[in-house]
Structure formats: C-alpha cells, structure tokens
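The same chain A turns up in both complexes below, where it pairs with chain B and then with chain C.
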Partner chain A sequence: MSDITTVLVDILKYTIVAATPLLFASIGGLFSELSGMLNIALEGLMGIGAFFGMAAAGLSHNVFIGVLAAIASAVAASLLMGVVILRFKANLFIAGLAINLLAGGITTVLSQWWYHTKAVVAFSLPDPLNAFPAALAQIPFIGPVLLSHSVLTVSAWLWTLGAALIINNTRHGIRIRATGMHAQAVLALGYSPDRARMAALVWSGIGSGLGGFALGLSISAFVPNIVSGRGWIALVAIYLGRKKPLWIAASCLLFAFAESLSNYIQGFSSIPPLIVLALPYAVTLVSLIVAGNKK
Partner chain B sequence: MEAERELRGPARVVLAVGVSIALAAGVLALFSQDFGSALAQFFLEPFSNRYFLGNYLADAVPLMIAGLGVLIAFRSKNFNLGGEGQLYASALAAGVLALRLPAGIDPLTLWCWTALVGTLTGAAIGALSGLLKAFRGVSEMISSFLISAIVINISDFLITGPFQDPASNFQTTRQITRQFLLPRILAPSKLDISIGLALALILVFMVVAKRTRIGFELKICGENEEFARYCGIPVAAYQIAAMAVSGGLYGLAGALLVIGPQGRVIRGFSSGLGWSAISVALLAQGSEAGVVPAALFIAFLGTGSDHVMIGSGVPSEIISILQAVAMFFITARSLPRLRRRRP
Partner chain C sequence: MLPMPAVRMRGISKRYLPSGIHANDGAELVVERGSIHAVVGENGAGKTTLMKILAGLELPDSGDIEIDGKPVRISSPAHARRLGIGMVHQHFLMFDELSAAENIFFGLEPKSRSHILRMLGIIDSASLNEQTKVLAQAYGFAVEPSAPVGSLSISSRQQVEILRQLAAKVRILILDEPTSVLTKQETETLFGKLAELRRMGRTILLVTHKIDEVMQIADRVTVMRGGKTIGTYDTASISANELACLIMGATSYEEGGPHTKTSTTGALVLSVQDLCSRHRHHGGTGLSGLAFDIHEGEVLGICALSSNGLDELEDVLAGFLTPSAGTFVFRGHRFDARGSHEYRRLLKEGKIAYLPSDRVRRAVALSLPVVDNFIALDRRIYFPRGWIRSTLAQRATQEAIRAFDISARAEQATVELSGGNIQKLALARLFSKKRAELFILCEPTWGLDIRSTEQVYNRIQNISDAGSAVLLLSSDVDEILRLSYRIMVLYRGKPVADLINSGYLNRTLIGEYLLGIRST
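Moving on to the complex of A and B:
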C-alpha cells in the first residue's frame, strides 16, 4: 500500500473509533430531545459513565462489568436530574448545568480519594473483543477501516438501529415523541407525559454512560475532563441530523472525522497542536450555524 | 393533581445555602482525617486574619462582575454558557495590551484601556452567540459553549506560544510591572480597588433596570417575547445586547484580574470562574443587589474549599459538588409533599 493509502486508512479507521462515544451519547440524547427536553447534561453524564465504568472494569478486570457500572451510574444521575426537573419543577437547563458541575466534581474528588491522583488513572484491562474474525481485517482497505473494530464500536451502530426502531415503531417511542409534540394531548389520552420524559432521560443516561465508557476504554484510562466537549458535540449532532437517527449517525461520523483529522495533523504538521485541538469544536460550530433554522 | 408546596424565592435561597453548607460539612467528615480542624479551616480560617479576609474578598470581585452579566442575560431569557472562554480570552487581550503599552504611560490610562479592551473582547464573543441566535436560530447555550471551547484553545496556544514569558518555567505571559497593577487595599492580601468598581457597576445596573426605558424593555423581552414584539420592542437587538453585556462583564472581570491580583496571564488561571458566575446569578434571584451576597457566598465556598485542600488534603473540586447542589435547590420551584393526602 502506498503511503497516502496508509494515512487514509488510519484516519478513517480512527473516525469510526471516535464516532463510537458520540453515537452512543447523541442517540441517547435524541430520546430526551424528542420528549421535548434539550439535554445539556450529556457531557456530565458521559463523564460519570467514563469514571464509574472504568473504575468497575479496573476493579473486576472485566469490561462487561464496566459496561454495567457505566450504564448504572449515568442512569442514576439522569434519574436524579429527572426527579429535580419533573417532581421539583426545576429549570431544565439549570438542572443540566448542575449535573455537569456535579459530574466534574464527583469524578475528580473520587479519583483523588480512590487513586490518589487528579491526573491520569491508567487501567490494565483485557484486550477489547474484536467483533469480526481476524481474517476479515486482511481485506485491503475495507478490512482495516471497517472490519477490525471492537464489539463496543459495533454495538454503537446496533444501538443506533435499535433506537431508530424503538422511536419509529413502538408505542413507547410514539409516546415519547407525542410528549415532545403535544404533552397536553398525551395527558388527555390518559398517559403520563412526565413518565415518558423520565423514560427518555433514562435512555439519555444509558447512551451517555456507554459513550463515556467507550471513551475511557479507548485510552484504557480515566482523566478528569476526558469528555472535553464531546457531550456538547453529541448534542449538536442531534440538531445537524434533524432528529433522525441515521442522519445523526452521519453527523457523528462527520465530527469524528474532524477529530481524527485533528489527531493526525497534530502528529504530522507544523500547525500548533493547541490550535488543531479546536478543529472539532470549529467544525461543530460551523455545522450548527449551517443547520440553524431561521425563525 | 397532588398538592404541592410552592417554593418562593427566599425559601429557595435559604434551602440552597443551607444544604450546600451542610453538604460541605458532610464531605469534610468523609474525607478529612481530623474533622474538627477541617471544619475550622473551611468555615473560620477565611475570616481569621486580614490576609485571608482580603484574599477572600478579592475572589468575590470577579464573581460580582461576571455574575451581574449572567443575571442580565438571564433577565432576557438568554443562557450564556461561554463565560469560561470569554473571561479567559479577554484577560489575555487585556494582559497583552498592558505589556505592550509604553512604559512611560500613566497607570490610570493603562487601567482604562485594558479594562476597555477586556470588556470589548468579551462583549464581541458574547454578541456572536446573540447574533447567531437572532439570525440563524442557533441555541445561544450551545453556541456560546462551543465558541468558548474554541477561544480557550486559541488562548492556550497564544499564552504558551507567542506570548510565553521566556524567563518563566510556568506557562504564562510576562509579569506586568508593579506600578501598573491596581492599588491594593488590605495589603498584603490581593484585594484591590476593583471591588469599588464592582459595587459601583452593580449600582449603575440597578438604576438602569429600575429607572430607564432600556431596563424596562429588557425585562419585557424576557418575560414575554410575543408581547414585547407586539409593543414594537426590538427583541432581537435586546437579545444580542444582553449576550454582549454578559460577555463584556465576563471580559471586564478577566481584565481586572490581570491588572490586579494575577498580574499576568497564566494558562488556565480562570478555570471554573465562568460556571461559578452562573451560580452567583442564580442565587441572586434576578436582583442586582442580590449579586453581592451571592458572590460573597460562592466565593466563601471556593475559599473554604481551598483552605481545606491546603490544610487537610480534601480536593478543592468539592466546590463543584457544592455549587451543583446549591443550583438544584435554587431552581426547584416546588417541594412535593412528603406524605400524600389520603383520598
């Protein structure tokens, strides 16, 4: 393979890897968006999932237990948010902001308490399970780019397809969407809009928890600020994808490509890395402006 | 519908303050070896001498100024989540200007220029989110956060690159000469005369809100956008202006830190201030005068956390947890009854 192909393979392969946390989180966030709640807490929920998931995986030396812990912790946080918003009638955005602050605080304090550091906590974990037989990775180009990924990465796509089915084809999905469109009508039909919203927040929690854990797993470590804006990028993907799961997936791929490109440029160019780090945010911002709808 | 107790503003503030203090004590009990001394470090040490007291008040100054800005944005129903970047970038702009101005300049002139440039930098960044909302329908929360993330990266690069002090081991700009720093009061603490400016600003904003057409129209825009439009109030202009004022006050807070307590721009020095200012605005419950006690309280949580970190090794990040809990209570509009009524 020529040099340029190798580079392209690297960038595209990492695009798929970088899209994993974004996909989990933005599809999770889609549920709460559809129920009428812009969930700005995705960032914090991802951080919680990353920390507790990695801590549990490290303790048990078992990735599956990590997955469960990531989901459980992020769902617990989103339930807390749900109770504060729905029962205590709190402002959605302030509650979301509080979750983000809480996540940053709790993960750093616990990291200091359990691991005596506020910096990188590295975990030695079993190698991630490959979703495809090793032979498939030998296929030129397509093999390394598409067919060499872990079970978790493939799960993100199954999660997306599953969410699309739930949203479009089940009563549960229809109730969540109806709540977002016309909560009074849902109430009049004898269903509880608050229950649909709570369920939607739980979906957000599951997705963000998995997304955060995928981030931690990809570097086998936890660092405070590991999420560094990806929760917000996932939120923008929901808008850019016009609230349609497959278009959201495409948006996540776009943002992941920007991240992959920025990683690559950092290693191989004279552009200062700190500037390059801003690239994913810039791409996200531009796409938000393009997707914006004039009232 | 089940019976619910409505929570009024003062009750929420008392709950938020009370619960966050109780939680602080709880966290200290959990993390510290010597609970008694940790408690004293958190609650008493900041007031124990002139030096600590001055430093504590100095920490409240940027919170008053930036919190006032967040409050103005809230009033027009705008959430500015880009304070971190607005403050940081403006501090850098002000710092670079202070270092570049000729050495013979009069200190007062330098202070005015740096404060102005800091304010304008923050205002421009804030206004951008306002413009995007007005013309592209983009959520100002998301855009202000993303713009902030971008300007933080660029500022980090500028501080560690072109403006790095070659003589320092820290990632920082050069030091501004002593004579160009704001005069200190309560020396040797870092409290300076900017506290007077902060209080004066709060007074000015109070008068504008209560006595002028601008203040009134801004309030109408926030309370009922449709009605405001119907009255012929230029709603979009007010929204953009509110975001600009909010960003501008973050910027001013940053500039004053650089020509005051900091004296230079250290990489990441302002981290957390942007979010704390939001807590301040929430605690102030829409009142300019409320910004003063709110800033004093949030600064107290921060100072207390710093004191126990140094004294007892409890991570100072507990401040985020305390603020989050205070936010939950301040925004709760009702308390569900604990016992349900029998049918």
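Moving on to the complex of A and C:
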C-alpha cells in the first residue's frame, strides 16, 4: 500500500471510531427532541456515563459491567431531570444546565475522593472485543476501515438502526413523536404526554451514557472534561440531520471526520495545534450555517 | 317505560379561577340516544365548557352525570373514551406529520403478525392502512390513509377527526362548531354523514351558533345562556326566530338586511397592482397576480377558504411579510410593495388601520390590563411628552367598554376576557383611530355571537358611510355577502372572481368559486 492509502485508511478508520460516542448521544437526544424537549444536558449526561462507566469497569475489570453502570448512572440523572421538569414544572433549560454543572462537579469531587486526583485516571482494562473475525481485516482498504471495529462501535450503528425502527414503526415511537407535535392532542386522546417525555428522556440517558463510556473506553481513562463539547456537537447533529436517524448518522460521520483529520494534522508542526484542534468545532459551525441557509 | 337517555347532566357548575366567573351554573342536558342534538348559545353561554366536562377535559365543581342511565364521574379524556364519548374540537387536535391512518388509529395501531416483530412492538403498516380504508368505507368517507394530515384540506382533516372517534368505537360524538371552517357544499356533505351516523344509532351533540343549521339537521336543541340551561325544544315545534330570541334573551329579533350601497363615487384610496408572494404559510399557496382598487366609502370583501392565500394577503397588507413583486398606490403615491417601509409608515401613522385575524397573538398583550391594551397604539394621544396621561387613558377606556359592551373592567388582565370580548376590545381601539383612511379588517366576527356580530356589522357600515375605505378579508361567505360592495374570491392564491354584489350573488355561487369549480 502506498503512503497516501495508509494515511487515508488511518483517517477513515478513526472517523468511524470517533463517530461512536456522537452516534450514541445524538440518537439518544433525538428521542427527547422528538418528544418536544430540546435536551441540552447531553454533554453532562455523557460525562456522568463516562465517569461511572469507567469506574465500574475498572473496579470489576469487566467492560460489560462498565456498560451497565454507564447506562444506569446517565439514566438516573435524566430521570432526575425528568422529574424536575415534568413533575415540578421546572424550566427545561435551567434543569439541563443544572445537570451539566452537576456532572462536572460530581465527577471531579468523586475522582478526588476515590482516586485522589483531579487529573487523568487511567484504568487497565481487557482489550476491547473485536466484532469481526480477524481474517476480515485483511481485505484491502475495506478491512481495516470498516471491518476491524469493537463490539461497542458496531453497537452504535445497531443502536441507530434500532432507534429508526422504534421511532417510525412502533406505538411507542409514534406516541413520542405525537407528543412533540401536539401534546394537547395526545392528552385529549387519553394518553399521557408526560409519560412519553419521561420515556424519551430515559432513551436520552441510555444513549449519552453509552456515548460517554465509549469515549472513556477509547483512551482507557477518565479525564475531567473528557466530553469536551461532544454532547453539544451531538445536539447539532440532531438538527443537521433534520431529526432523521440516518441523516443524523451521516452528520455524526462528518463531525467525526473533522475530528479524525484534526488529530492527523496535529502531526505537522508547521500548523499551530490550537487551530487544528478547533477544526471539529469550526466544521460544526459552518455546517450549521449551511444547513440554516438551506431552509 | 321511557327509553334511557344517552346523556343526562344535572346541576352542572364550573367556576374558572382566578376570575371566579361561572362558566356553568347549574346547567342541565338530556340527550336521547340515536338523535342529533344541538347545543346553542351566545359566546360565553357555557356550551363548550359543558361539552368539555362531558368529554372529560374539565372536571365540574358540582353536578351529576349519567351515561346510558349509569351515574358516572368522568375523570379524564381516557375515561370518556372508555364510556364511548368522543369530541371533535373546533381547532383540530391532529398530528400534522403523521399519516391519516396513524392519526385515526392513534394508540390502537395493529401489531405486526410476525411473532418476532410483534414482540418488538412493530406496527403492521399495511394492515393499518387497510383498516383505515375499511373504516372509511363503512361510513362513506373518502380518506387517503397514507397521506400526512398536514397536507389535507380542512374538510378532509375534519373527516379524519370524526373517523378517529369512530375508530375508538365512540357512541356519543360531540362536534364543536364543526361548520365554522366549511363551505356550504362541504357543510351539506358533513350533514349527510351525520344523518347517516344517526341512522346507525350514534348519538350526536352539535355545538353551534348557526340557527339555520340547527333547524336543518338537529332533532332537538338545548339553549344555554349565562352558564344556565334555558330549555330544550324539538326543532319541529319551534321557529328559527323564536330560537334566536331564546338565545339572546330578547323578545324580538330582526336580522339586518344586506348592504345595498351600490355606488363608488369616492376617490381612490389604495390601488394594489400585480401582487405576488412566493412565501407559503403552512399548507398555503402564496399569492399570484393579485390586483384591486379600493375607494372612499367602499367595502371590498376578499374571500377564500383556508390555505388559499388569505393569510398571506393579510400578512403582506399588515407589513409582516415582504411580497416578491407588486406595487401599491396610496392616495396617488406609488411605491414598490417590496420596499415596504413606506407602506409600514402608513400603518404606523394610523392612515391604515389593521384588525388582525389572530386577535390573541397579534391584537393584544394578554398579560396587560385592558386599559394598557386600549391605549398602546396611540402614542400621540396618550403619551404626548413621553409619559402616560392616565386620567385620559382611564376615561377613554371606560367609554370604549361602554360603547362596545365589553364585559370587563379597565384594570382587569386581558387574559381573563373571553375571545369575543378581546375582539370587541381590538375593534374599539381600531375604530377610535380618527386618522384612518383605510380599514383592513381580517375575520372581524370570527367566534362572535349573533348580537356582537350585528354590532360589528353596524359599525363597519358606519365607518364606510362616513367615507372610509374598508377592506374585508374573511372566510365567512355570509359576512362577505352581507357587507361588501365588491367581492373578490381567491383560489390557490389567485383571484378567480371579481364581482359586484348585486342581487344574483348567493352562498352557493360564491362557494363554487371558493372550491375552484367556477371561475370568471
């Protein structure tokens, strides 16, 4: 293989890896968006999922336990948010902001308490399970780019397809969408919009918990601010993808490609690294402007 | 033994807080099974509240309800549904982006036949659409199952609403002002369907304030006034005039004759030429090639069904929407309609006075007191040096409240007023504008009862007689026929008729233009 092909394979392979947390979180956030609640807490929920997931995985030396803990902690936080918003009628944005601030605080405090550091907590974990037989990775180009990924990365795509099915083809999905379109009508027909919204928040929690855990797992560590804006980018992906799961997946790939590219370009000393690191965020901004203009 | 009535409501009272106004005050209602029963009354008579209580949307403070002879306490819409009661609201409760089938069988969608897909809760879309077809055919409705309801016409959406109730096996069907959005032809079709449903043994409750429709379709009619039931009558044994008197609590009632003014001697006020707008409101059509002149002392009525350009025209004329082409000539001053700041200045200076169709969103600030809303647009009179002349403001508001018979106090929060009273407030403010040369009135009597409507009609005729030009935008054909000297009809954003309102015009003819069956 030539040099350029190697570089391209690297960039594309890492694009798929970097898309994993974005996919989990944005598809999760899509549920709550469709139910009529803009979920600005994705960032915080991802942080909570990352911390508790990694802590449980590290303690048990078992990735699956980590997955369960990540989901449980992020779902608990989104249920808390749901109760505050739906039962106590708190403002959606204030409650979301509170979760984001809480996430930063609680992970730092617990990190200090449990691991006596506010910086990097590294975990030694078993190697991630490959979803495909090793032989498939030998196929030129397609093998390394598409067919040598972990079970978690493949799950993100199954999660996306599953969500599309739930949203479009089940009573549950129709109920959630209808609540976002006309909550009053749902109520008048004898169903509870609040229940649909609570369920949508649970989906959000599952998605962002998994997304955060995928981030932690990719570096086998927890770092404060590990999410660093990916929750917000996931939120942008929902809008860029016009609230359609497959288009959201495409948007996530675009952002992940920018992240992958910026990681690669960092290797060249001639470009200031700060500018390079800003690339994913710049792509996010530009894509929003382009999408906004189309309307 | 007498047959058990489908519905018996006794001593129903409901008070809305915080205003403490009794919406229902010991109301009574008995409805025979398998009949069409009309509930009539003026705005604020309590008919909609009574129906909402029956549909489980409101809980009464006191009173008893029996359904098919069994005492019940209807605690929620779900409970009402289980009892076989369903309501079609005036503003449809639809999910625009879902298909007709998904709207109709909402919550009752058939699960997939495959065992695995069934476990996952997957819906069988093919059989959902099939069920919808079967249901629609059984009742003689024509509905395309897979079309998103947002793309359907108003009358088709209404059919979807009715089918939704029938899908839920509703035996007692409540319709709130179902004909307010329909043409004469569509109304006839609806009444045909209702008669068919009655033949199948369904009980139908029809809330309306149109007396001719009551006489045409209903078996019995209950009259409400001030939250109380005045009485229930067989339509066969009461005349339309007697019914009108009962509704208004008056001893005699005379409907005003048609507007017979036939000359346009006045000077040209506004000429609109070649007006086009590409912008479409939800489900709308934009505007193309619209042109009209309007003179002093003339009432020009422009009529269209919803989504046929009337909303866009209102927004262009109110300065909310910049058209894509067109010219305005106001009193000889010609300007491009696209650079609309000159036109907006006319609105701002009060030379053009505008009454919005959406009175709640555009005419008033709901949280402010009545007096603030009344004086808000007259800076020069009430705020001459920057601060308020409160004595003058109070006095002017009191006068307006008296003159327009608004049931409110000057310092009351506007949100507590009924829709009819908010409209009267907006009209009072509008007609106090002394400098206005052109009045643009959009749906001026929408939702008003007969008495208030008559008052508004008289005032419109007064300002027209006094030499102002009046542009009337309305989807109410009777209103257009009653008030206009000239009538224009829009269909899909294009003018299809421009007629002088002489004797030969009637509802049916205008209806044909509105539906696009006929054009000149």
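One rule holds in what follows: the second predicted complex is superposed on the first by the 291 of 295 C-alpha atoms of A that agree within 3 Å, B and C clash if a C-alpha of one lies under 4 Å from a C-alpha of the other, contacts with A are read in each partner's own complex, and residues count from 1 in each chain.
Rule of thumb we're sticking to: a residue touches a chain if its C-beta (ideal position, glycine included) is under 8 Å from a C-beta of that chain, and two chains touch if they have at least 3 such contacts.
Note that the structure is predicted; figures quoted are calculated from it, not measured.
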item	value
Clash or fit (per the criteria above) of chain B with chain C on chain A	fit
Which of chain B and chain C A:V84 touches, first, second, both or neither	first
First, second, both or neither for A:Q138, with chain B first and chain C second	neither
Touched partner set for A:P272, first chain B, second chain C, both or neither	first
Superposed model, chain A: greater residue contact from chain B or chain C	B
Partner chain in contact with A:H182 - chain B first, chain C second, else both or neither	second
Contacts of A:T6 with chain B and chain C, given as first, second, both or neither	neither
First, second, both or neither for A:G105, with chain B first and chain C second	first
Partner chain in contact with A:T117 - chain B first, chain C second, else both or neither	neither
Lowest C-alpha to C-alpha distance for chain C against chain B (Å)	5
Residues on chain B engaged by chain A in the complex (per definition of touch)	4, 27, 31, 79, 81, 132, 135-139, 141-143, 145-147, 149-150, 153-154, 156-157, 160-161, 275, 278, 282, 315, 317-325, 327-328, 330-336
Residues of chain A touching chain C in the complex	165-166, 169-172, 174-175, 177-178, 181-182, 184-185, 187-191
Sites on chain A touched by chain B in the complex	38, 40, 84, 87-91, 93-95, 97-99, 101-102, 104-106, 108-109, 112-113, 118, 229, 232, 235-236, 272, 274-275, 277-278, 281-282, 284-285, 288-289, 292-295
Residues on chain C engaged by chain A in the complex (per definition of touch)	55, 57, 76-81, 87, 89, 93-98, 102, 106-107, 109, 120-123, 125, 164
